[in-house]
């Protein structure tokens, strides 16, 4: 075996010699897990659309920066009226869409009106719910009037769903996206890859890369071979489970960042016996977060005790609320009259964190007498059965939308959680703009959720990026699911 | 295509003696027996509890404590391979049972009736054959949800036409025999003849096909559970172990090697057994795949 | 001959019609709403309903079936819900991967299997036979996805001779495209070759026991000439049967291999479409595959007639 | 000098001795007949000369052909001899030709291989050869495939292949056994002519003493791999000095002793067939056109009285087996009626047929194929008891089986054996035991002795005769063998192309046939008496 390896390695070296020396590259192949269903960010929820197009092909009035901050984009600057209801955006001039048409205020009005129209298929219509009117003041100025003040409006305008499209190309963006960004769309080999090339007419700093190919690699198991064979140079969203295989390899850089993905063991709060607080608390005591994080995210996730990212300034550390305590869990179950344990189902969507975490959680809950039947489901089934029909006991999912603690107050949300006290906190939050006050209210909200053990809080999904060590400028964190290539370049 | 069935003219003893001189049979028999034994032992004893996750011990290389190493959850791979055998065998065996139970009577009936009934049944058979098996199995599990039971049904359904075809071809080769004519002249009904004369004479053919389908069933189950559509955790299955191993190939190749070997050895054993039986019992019978 | 052909054709058509009903019925009971999936977690029920209407999901069952079949007949397979492009375009793109892959694998398997089968049959019971048939036994037993994994680590990761996966498209040039199909084709071909070699061998051995082989030998032809001129063609029928089955399998059954190599083939299209509830794609592609299998079977039947003159004059 | 000299040849296959010290020679232009019963080693002798033995075979002794030591010859040398200097014709014309090659190709192949002639030349020679064996290319184009020819025509093709290069020696291994008597006569004539034309030596292998006597100048009689007797045909067979030769000759001519034939009895007829016709639909020629209907049995009427023994003779394919199956209610006539005991049995359900089945049994030709190998004799012989109204108890059943076995000369202990533990003749006895266990009034026997060796056949014929006397069973013998008909039946029906063309007392019909079909059968039938007489004349 040893000898073989030597001989083969020698053969390989001679073969590889021809390709080893090359100048600084200007092309990049990026691996993404899911193929976008189409290429119009304003007409679909799929994160994969943003992963390819956001900031690269399409731009909005504002954009989200690498650390979740709001930055100006097509809007050079803006002013906000004192009552917080009128936003006046000053736009960049000389901006062209990739098809050569000019960008101006009318495109903004078109895009925003289109997104909030009754027949709109925008997946995030809520982003635009506060808008009352959009007015073109002059070609470089647009005025947006809100129905009521909204603290997150500028942030909302930075979402992929709020990018500016041209009326000429809006209907064909699904197939042939036309935006204003530094890259223009070149080709889409369905099921295989999407290729972008540098736009020559970009209004801002041109990109360093000439060509970027997003290659679709659906199976996490293929990530490592693809990296090792050099086929793909970057996986911005790598599979945490596979990290151990490349972390000691000097050719690659492993970057752990944060996301807005609170990974939770969702509980159907209305379904007996989960309607009993003791049962839910028992589950929280039974969970051993360390083991779960080690097993389901290669030890990279940050533990959470409530629904808030540890990276958030409003984060309250509640991870000590339910320490791992099997005896306590059993005691609580006994109080709930379930000293002999019970059976329940655990529906798991496809991501690795869910499938892996589910197996560990099932094993941990078995230790306290809860016997879980694992039912793996596809996303379609998950959305149908769990999310829409609420036909489930337990499930694991990562809620990746930022600042989404309000979901617990939504009526009919799939948790089936109903606590007027919590709803009041969220309602107050909606009308509060004072930062300190907001922080306090958010703290309260987090605490209520933890006390009620609404769900099992597990960990903040790590954003694991693995790329060629010579590659620079890729985002470390994932405030939103995007691969901003504007600053990416090869060193050397 | 005509099917020759040479009916052996031997006693049980002489067959047994011949069996133990047939290398393929002996090898296949021993391997199959070992795998079966492993599965049976796993009910009572395994080196470690396969439902117990010990994350701290994850991806340990093979050692004296863990002969086959441990997986990404710190479970003992030897124990998982043992319990996985149980799953693979159960799925494949029941699927073969379904195929035989439905397919053989159908095939025998078609051969006995002939004419339109035969034609209709065989066209129905063609219909099932026209569906890509693996794809359809995926569809079935997608509809009814993944799990061992649905995997069995999905594999079993596609065994039916195989056995129907083999049984029919075998029965068609038996029906023109004079001893069938003699039985008809004695006033026996076609059902009686099928049971008394036809089935015993195509039994070896079915036995051989059974071992082949058994082996194919093991492979199919591995494929389905590799896609996550087979038995669900905590029940270990070889296919899923291979799937899970993929994300650890560089650091823990043993996670892929041992379950893979288990599949290869089991399938090899069954195929050898089938070959051996075919050789011993009717050296000229043609098997259909 | 014509009667035989027409009868086979009529049967094939009837099978197709039945199959279309089965496919349609099965997909009707598939749980999961494609509209909901497209819109994501935050969409309202109204929005979902709107989209369902737009996609024609609320029309009556029979109407949808007839509409679908009518579409199939006029080669209009409908539009994919998820890709919002005509299904026929998707199929064409995917076939550009699947068909070459299947053909390469089939060619590889045939090129390997037939000589091995011939060799083994002519050396029946000797060492060469034992060794090659032992290898074939092993080949049959190895799950192809496991084998594929090993190939990737040896030839792509370690030796870096071929890509570990993916498909650059034929526009990237013939050689890069072929190169990316090489490993998957080998992974598919070897287990198939093992089966085919075994079938070839046993078919040959059977033929070699026939009386006419003795007649040919009595003519003074040496063994090798008898093998090539008389035995091989007569042994072709079981070999063709298996080849037909394997081709059908290769067109549709490569899902796992396509997954391992993340190739954008038909199998993965269906797999993806099933998980995304893109029913129109699933229906159309499954129908297409069924049609392909039936067509292959028909072709195999016809090739029997080419090989064996007896069938040409039989009903 | 002899063309072929076999001296002291011994052969073993594995550990089984096949031949022991066989001596045999063939001179140019001479016909050597090699006679023996099945298993005597005749075919292996031929295959030794061709060096086409199975792998495990080991031959010792000396085989010289035209000065060449065959046993020491290399494979290349043998390839040069085979098909060129030695040709061989096999028994089974249906399988001896490659089904996927045209007859022209198959004849030309050997010519091209040996003479390196061009394709056109070889085809030309092949055409001539086919013409010579009676397949003129005007009527039988060389592009025909074997399946488009009948058995007799195929055998002509095989002969054409063997004789294409005018071999010095032709080996014919049971060349006519699979053919009916008329075809047999034609093929034998052809062989005789070919030998005469080119002074070929012919080694004719047969189990049929009459055939060999008609053809051979000298004969060698083989038994269990050893030569029993050899010499001039006429002298050997007329003197019959060797006991085995005598046994063979007598068995070949055996006529069972029978009391006064039945059949003139009056009373109710046992079986009446009236206008029975059986049509088979023609194959689909195109979607809308069918080939014309094939009429296998054409308005056949016949009648049998109880205890009568009737032969139904005819060439193969004349419809006699189809008729038998209709009588047995295993097949339905397209029109016409069949009455048994006065009851119509056509169009009846299995349940309604039970009484008829009880009184009507069958004995088949193949003693190997007519028993389910997975069942024991007791069950097999008892099978017809199924139709009895009152199911016998197990003890009764055993009793009945034992009795039936006793009647056919088998022992009670045979009840617990499997069929493979019996020889061919014993199996035919079992077959008869099965047929008589319900004490039927009629037994239909389809070629019951044609698969048996002559000596066994004589015994089985005796058994038939005895049971006819003892139990008064009527027989309908289906046969193409006139000696059987002559030996055991009172009346003969001659069938030709679906019709009965002649009927009458057996001796009458066979001695003075009236119809063309009957005449052809009688003239073609080999007859040992006649053959010996003729030989005596020729050889003095």
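Just so it is clear, A, B, C and D label the chains in written order, and each chain counts residues from 1 on its own.
Keep in mind that, in the parts below, contacts are C-beta pairs under 8 Å (C-beta built on N, C-alpha and C of every residue); 3 or more make two chains touch, one makes a residue touch a chain.
As the structure is a prediction and not an experimental result, all values here were calculated from the model.
Trainee: What chains do chain A and chain C have as common neighbours?
Mentor: Both-contact set = B.
Trainee: Could you tell me which pair, B-D or C-D, is linked by more C-beta pairs in contact?
Mentor: C-D
Trainee: What whole-Å value do you get for the distance between chain C and chain D if each is reduced to the mean of its CA atoms?
Mentor: 50
Trainee: Distance from the CA centroid of chain A to that of chain D, rounded to the nearest Å?
Mentor: 86
Trainee: Please work out the Cα centroid separation of chain B and chain D, and write it as a whole number of Å.
Mentor: 46
Trainee: Averaging over Cα atoms per chain, report the distance between chain B and chain C in Å.
Mentor: Centre separation, chain B to chain C: 22 Å.
Trainee: Two or more other chains touching the same residue: where does that happen in chain B?
Mentor: 142, 246, 249, in rising order.
Trainee: Among the residues of chain D, which ones contact at least 2 other chains?
Mentor: In chain D, no residue touches two or more other chains.
Trainee: Can you list the residues of chain C that touch 2 or more other chains?
Mentor: Residues 31, 153, 259, 274-275.
Trainee: Which chains touch, pair by pair?
Mentor: Applying the touch criterion to every chain pair yields A-B, A-C, B-C, B-D, C-D.
Trainee: Enumerate the contact residues on chain C facing chain B in the complex.
Mentor: Chain C residues touching chain B: 11, 14-15, 18-19, 22, 26, 29-31, 137-138, 140-143, 145-146, 149, 153, 195, 199, 202, 206, 209, 237-238, 241-242, 245, 248-249, 251-253, 255-256, 259, 267, 270-271, 274-275, 282, 286, 289-290, 293-294, 297.
Trainee: With touch defined as at the start, can you tell me which chain D residues reach chain B in the complex?
Mentor: Counting only chain D, the residues touching chain B are 328, 330, 350, 353-354, 357, 360-362, 364-366, 369-375, 380, 383-384, 386-387, 418-420, 431, 434.
Trainee: Flag every residue of chain A that touches chain C in the complex, lowest number first.
Mentor: Listed in rising order, the residues are 8, 11-12, 15-16, 35, 37-38, 44-46, 119, 121, 123-126, 174-175, 189-193, 215-219, 221-222, 225-226, 228-232, 350, 378-381, 383-385, 387-388, 401.
Trainee: Could you pull out which chain A residues touch chain B in their complex?
Mentor: 219-221, 223-225, 228, 239, 241-242, 244-246, 291, 294-295, 352, 355-356, 358-360, 362-363, 366, 373-378, 381
Trainee: Which bits of chain C are touching chain D when the two form their complex?
Mentor: 2-4, 6-7, 210-212, 214-223, 225, 229-230, 233-234, 307-310, 313-315
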